[in-house]
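Note that the chains take the letters A, B, C and D in the order they are written out, and that residue 1 is the start of every chain.
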Amino acid sequence: MSYLINLASIFAIYAILAISMNSITGYTGLVTLAHAAFYGIGAYTTALLLIHGGVNFFVAMLAGIFLAGVVALLIGSVMSKFRGDYYILGSIGFLYIINSIMKNWDSVTGGPLGVAGITRPALFGVSFAENLPFLLLCLTLLILVYWLAKWIVSTPFGRVLKAIREDEEAIAVFGYRTKHFKLLIFMIGCGMAALAGGLFAGYIRYIDPSTFTIVDSVFMLACIIVGGLANVRGAILGTAILVMIIEFSRLIGLPADVAAQLREVIYGVLLIVMMFWRPQGLIGEYKL
Amino acid sequence: MGKKIGWAVVIIIVVVLIVILSGSKNQEGATDKSPITIGFVGPLNGDLANLGLNAKSAVEIAVDEVNGAGGINGRPLQVIYEDGKCNGADASQAGNKLINVDHVPVILGGACSGETLAIAPIAEQTKTTMLSYCSSAPKVTEAGDYIFRDYPSDTYQGSYGAKFVKEQLGKTKVAILNVKTDWGDGIAGVFKKSFTEMGGTIVAEESFEQTSHDLRAQLAKIKAAKPELVYFLSYTDASIPGLKQAADMKLNVPMLGGDAWDDPKIWADVGTIGEGAMYTVVSAAHGDTLGAKLKAKTGSEEVIACTPGAYDGIYILADIMKKVGTDSTAIKNALYQTNYKGGVSSDEIKFDINGDVVGANYVVKVVKAGMAAPME
Amino acid sequence: MALVLQLVVAALITGAQYSFLAMAFSLQYSVLKFFNLSLAPVFMSGAYIFIAVTRFLKMPALIGFCAGIIGAALLGWLLHICIYEPLRKRGSSNMTLLVGAIGAMTALQAFTIIGFGSEYQSLQPATSQWHVFEFGSITITSVQIVTIAVSILIFLSLMLISRKTLFGKATRAIADDEEVAKIMGLNTNKHLNKVVLLSSALAGLGGILVGLDLGMSPGYGLTSIILAITAALIGGMGITSGAFLGAFFLSFAETAGVGFLGGEWKAIIGFSMLILFLIFKPQGILKQ
Amino acid sequence: MSALEIKNLHKNFGGVRAVDGLSFVLTPGKITGIIGPNGSGKSTLTNVLSGMAAIDSGVLIIGGEQITGLKSYEAIEFGITRTFQEVRLFEQITVLDNILVVLTERGVFKSLRSARGKMHEVRAQEILERIGLWDKRHQLARQLSYGQRKLLEIGRTLAIEADIYLFDEPFAGLAASMVKMLSEILIDLRAKGKVVVLIEHNMELIRSLADHIVVMDNGQLLAEGAPASVLSQHNVIQAYLGK
């Protein structure tokens, strides 16, 4: 039974990532693959503050979100200048740079040795060490992020984001400094990704640079494309489907090495099929 | 239209959940002839797949032998193999499945330190014993009370290498070229500390990312530093091009490597370039007997670094389970008292208070005509 | 002094190795206008077909060479007519094409791993070593000289084709404006197939020559295509001579970085170049 | 309401002098028609006036203020708004949102706090009813017919408080009823003393609506003045027919 609880926790963490990427890619049309880097910043800040700073888990997580926001401000302001393909290229560049920093800044990040012994969160005496309470924590944060994303999109700010997605040049003529809008939603999205990173660190209790690479960004992209762009529920649906595929291929007892590769073949083919069949995804509202 | 599809998919997910749920009721309370299942975690694909798969074959041989000799008090031993892919995320998933779905009392694994460190917290929390057969990173020492390893920590390999270079080879000026991974950094750091303490000097320190094969620039800098020996810590992927590039550059200086060079594929590929290359490896006292068994099973007598530890791991665990049964805490306590004799990886295996194997007898192997053999 | 010369030689070799995929990408980007990341598996297929032919079928290297180039060309062409051409016909945005390319890349890379295993394979016949030429303390092997020569040869021939032949003029016409080219009676689809075949063959050739010197592993394709795109961007996106120039610019920057900073920072140098050029000179060196 | 004066404006695109030393005044309370053969620089002029294309040299004077550089998001600060030759709507959002989006606060953080939401909805309904699209407000913009999309774009331009309206071939492809509706809108704007600029090929519409005509050819000012006199000038007819 607790296998399912842990699976649900991983699902909740990836759902938060999908929702956060959806706000940037689904609603604002900015396809970014740098998301795994902010996922990593959240995880590393939370882990390092927890172990060395002796800080409470949630304070460390908030610091992670704040740091991710600051880094997103720097990177976002640079990337807001780019458009379309060049935006993705820039995001890939930044992802590799941040991943290299994680690998080579041994004194702080422990480099490839990673960070081990991260303790599970606790707040006012309530400990989330056991799997079930941890899952409840993940679900509450997922609902919080879901509500936040829903609210942002319902405000006029969200409407301007959609207009930027549709025709950035046109909305600019009506007096909107699109760079600022793109920057703010990028920061919000990356902050949410850092939240998921903190949770992941708490869940797995050992992190190393190999879990924050382009493969993870592509996985998040696949979730929102399968589920549906510009639809918060779509992001959750897509994540559910893809996490199911991962665990199904592990459980049906394929020879272990083929199973792992088969999963990646399924993602790849799924992305191609979606581009043909429903580019806007199962319940999406925006075609790339 | 969108709504209908959304709901249809949600229903499918619920159905799938129920299927998995019913499948995972645990098997306790069966008759005493039911199999005892333990877990195995290792890299079954990815860059280090050869490491994991070779160990897996040895484990399969050991299990057949144990079951052949009556199993564990009559109950057959069974192993569930999970792929840790040598990274924290997959290893944690694998460990979680073994502990929470298959309810294994003990896990043989992980191989890479990243795998062991990722599963250790879950194992500690659920009081599941872990016996890693290949994790050498110093960090594993304090990974937990339930965490053991029958493969020596890097601290031994690094200091053994330093002593060998300084005393046996009498070299004083050494260049280090290591891959940026937990293994590479771990050993390089220890080597540098002990070599400088013994009065040697490190004339150059270069490193490279695990995925890069082009070491020309690093080797050029090392050549300019005029070392008497290069301590080249690398996995198979970068060793083959690295050795070739060094030879192309006429960097004709002896090379000392780490236990990852115990992979005959390297020497078969580099051919004459490998002549005289040396590397430290845990002396598998009886590696050849295991090699013969592996040849019968898999067609090649290749015994890679982690395999002896995995093979012995099965026997150690089988002996303990015969005495104390399958309760994990009992297994843990018994492991601290184990004194396993006649193992393949070493004649005597004992564990210290941290669960690390006591002592490590390394041997230096040297490559002659494409074959690696222990140096007299 | 010898160190600097040896580093220069190293940079020349690496530059030549980057140039094949960079020119192949630039040629395709000039007409198709999207980041075809699936050139990565095409690049690797050259090397893996070479291995299959020479090692499993025990055929001589020359046949392996031709089989690799033709195989890569066919793979690139198949991807084009099965995925990108139908998508372009349906008027899909280049973002949709890019996501399709990411899908194809992920699936094909997984297939390669299932087929050839995930470990490193060297293309060089076992136990043999390329003849080493020595000039004072500088050394260079025969395959490296061939790589540099072939890369310059390919560059010159692409220049000639582009200026002198009908094929070159048609390609430039489509690059300027595909609609206008159609109106002028050019069967653009047939012509695009030819361009794809040529660029895929070029990528396959690059895969083989790099494989012969450095060997090949499945993960290598992704980093190579991103470095190739960086080289194309540095030179000037869509200009073949730009890609050639960019490849050497990138390799010299990387080698200098490794020379002075250290090997582990190599990845950061490559991607910082990408970001710097994206910000300050997105049009690249050659374009005004 | 202030006039918009263009003084010695230059703009070239890749060697072609699209706007070449143009000078004239757009007076408020008048509809100025800009005519000229294709490629005479009409659209480039609109792009420059709305900040979508940079000014190479020359000056724009609005309300006495000299402007040599205008960014696209600054256009509205000078009261300039426009439509596009090929309709550029926000395709995958609803008709209502296409109007509401331009009513949002310009500041990023202000737009998050949707303070005056109600007032905007009333304004949007008013406009949509005026252009007859209120009943289609929940449809996506891309689901409208060509004529309706043209009207929605004009509705969007009307939604914001502006002084200078640039209409780039708004009548192209409109049905008769819609032409009548749009003409009334232009006349209404003129009555409000706005500067109305109409780029159009249809000569009857120019004659019936424009108070003042500017004729452009090869980026230069060919002729200027009242419609009746300008249209009969020899060189104007020559420029149109000669091409």
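In this section, a residue touches a chain if its C-beta (ideal position, glycine included) is under 8 Å from a C-beta of that chain, and two chains touch if they have at least 3 such contacts.
What you are looking at is a predicted structure, and each value in this text was computed from that prediction instead of being measured.
Undergrad: For chain B, which other chain has the most distant CA centre?
TA: So the chain farthest away from chain B turns out to be D.
Undergrad: Most central chain by CA mean?
TA: So the chain sitting closest to the middle is A.
Undergrad: Using the stated contact rule, I'd like to know whether A-D or A-B comes out ahead in C-beta pair count.
TA: Of A-D and A-B, it is A-B that has more C-beta pairs in contact.
Undergrad: Between chain A and chain D, what's the gap in Å when you average each chain's C-alpha atoms?
TA: 42
Undergrad: Quick one: report the Å distance separating chain C from chain D, using the average Cα coordinate of each chain.
TA: The mean C-alpha positions of chain C and chain D differ by 47 Å.
Undergrad: Can you compute the centre-to-centre distance for chain A and chain B, using the mean CA position of each chain? Integer Å is fine.
TA: 32
Undergrad: Mind checking the centre-to-centre distance between chain B and chain D? Centres are C-alpha means, answer in whole Å.
TA: Chain centroid spacing, chain B to chain D, equals 72 Å.
Undergrad: In chain A, which residues are in touch with two or more of the other chains?
TA: In chain A, 100, 103-104, 261, 287 touch at least two other chains.
Undergrad: Quick check: what residues of chain B touch more than one other chain, meaning two or more?
TA: 45, 49, 180, 209
Undergrad: Could you list the positions in chain D whose residues touch two or more of the other chains?
TA: Chain D, residues with two or more chain partners: not present.
Undergrad: Would you please name all pairs of chains that touch?
TA: A-B, A-C, A-D, B-C
Undergrad: Help me check something: in the complex, which residues belonging to chain A touch chain D?
TA: So the residues of chain A touching chain D come out as 152, 155-157, 159-160, 162-163, 165-167, 169-178, 180-181, 184, 230, 285-287.
Undergrad: In the complex, go through chain C and note every residue touching chain B.
TA: Spelled out, the residues of chain C in touch with chain B are 2-3, 6-7, 10, 13-14, 113, 117-120, 122, 124, 126-130, 132, 134, 137, 139-141, 213-215, 217, 219-220, 223, 254-255, 258-259, 262-264, 266-267.
Undergrad: Which of the residues in chain A end up touching chain B in this complex?
TA: Against chain B, the touching part of chain A is residues 1-4, 6, 10, 100, 103-104, 106, 111-114, 116-118, 129, 131, 203-208, 210-211, 228, 231, 233-234, 237, 240-241, 244, 247-248, 250-251, 256-257, 259-261, 282-284.
Undergrad: Give every residue of chain B touching chain C within the complex, in rising order.
TA: Going by the criterion above, the answer is residues 45-47, 49-50, 180, 206-209, 211-218, 220-221, 223-224, 236-237, 240-241, 244, 247-250, 265, 268-273, 370.
Undergrad: Which residues of chain A touch chain C in their complex?
TA: Chain A reaches chain C through residues 31, 78, 81-82, 84-86, 88-90, 92-94, 96-97, 99-101, 103-104, 214, 218, 221, 225, 258, 261-265, 267-272, 274-276, 279, 287-288.
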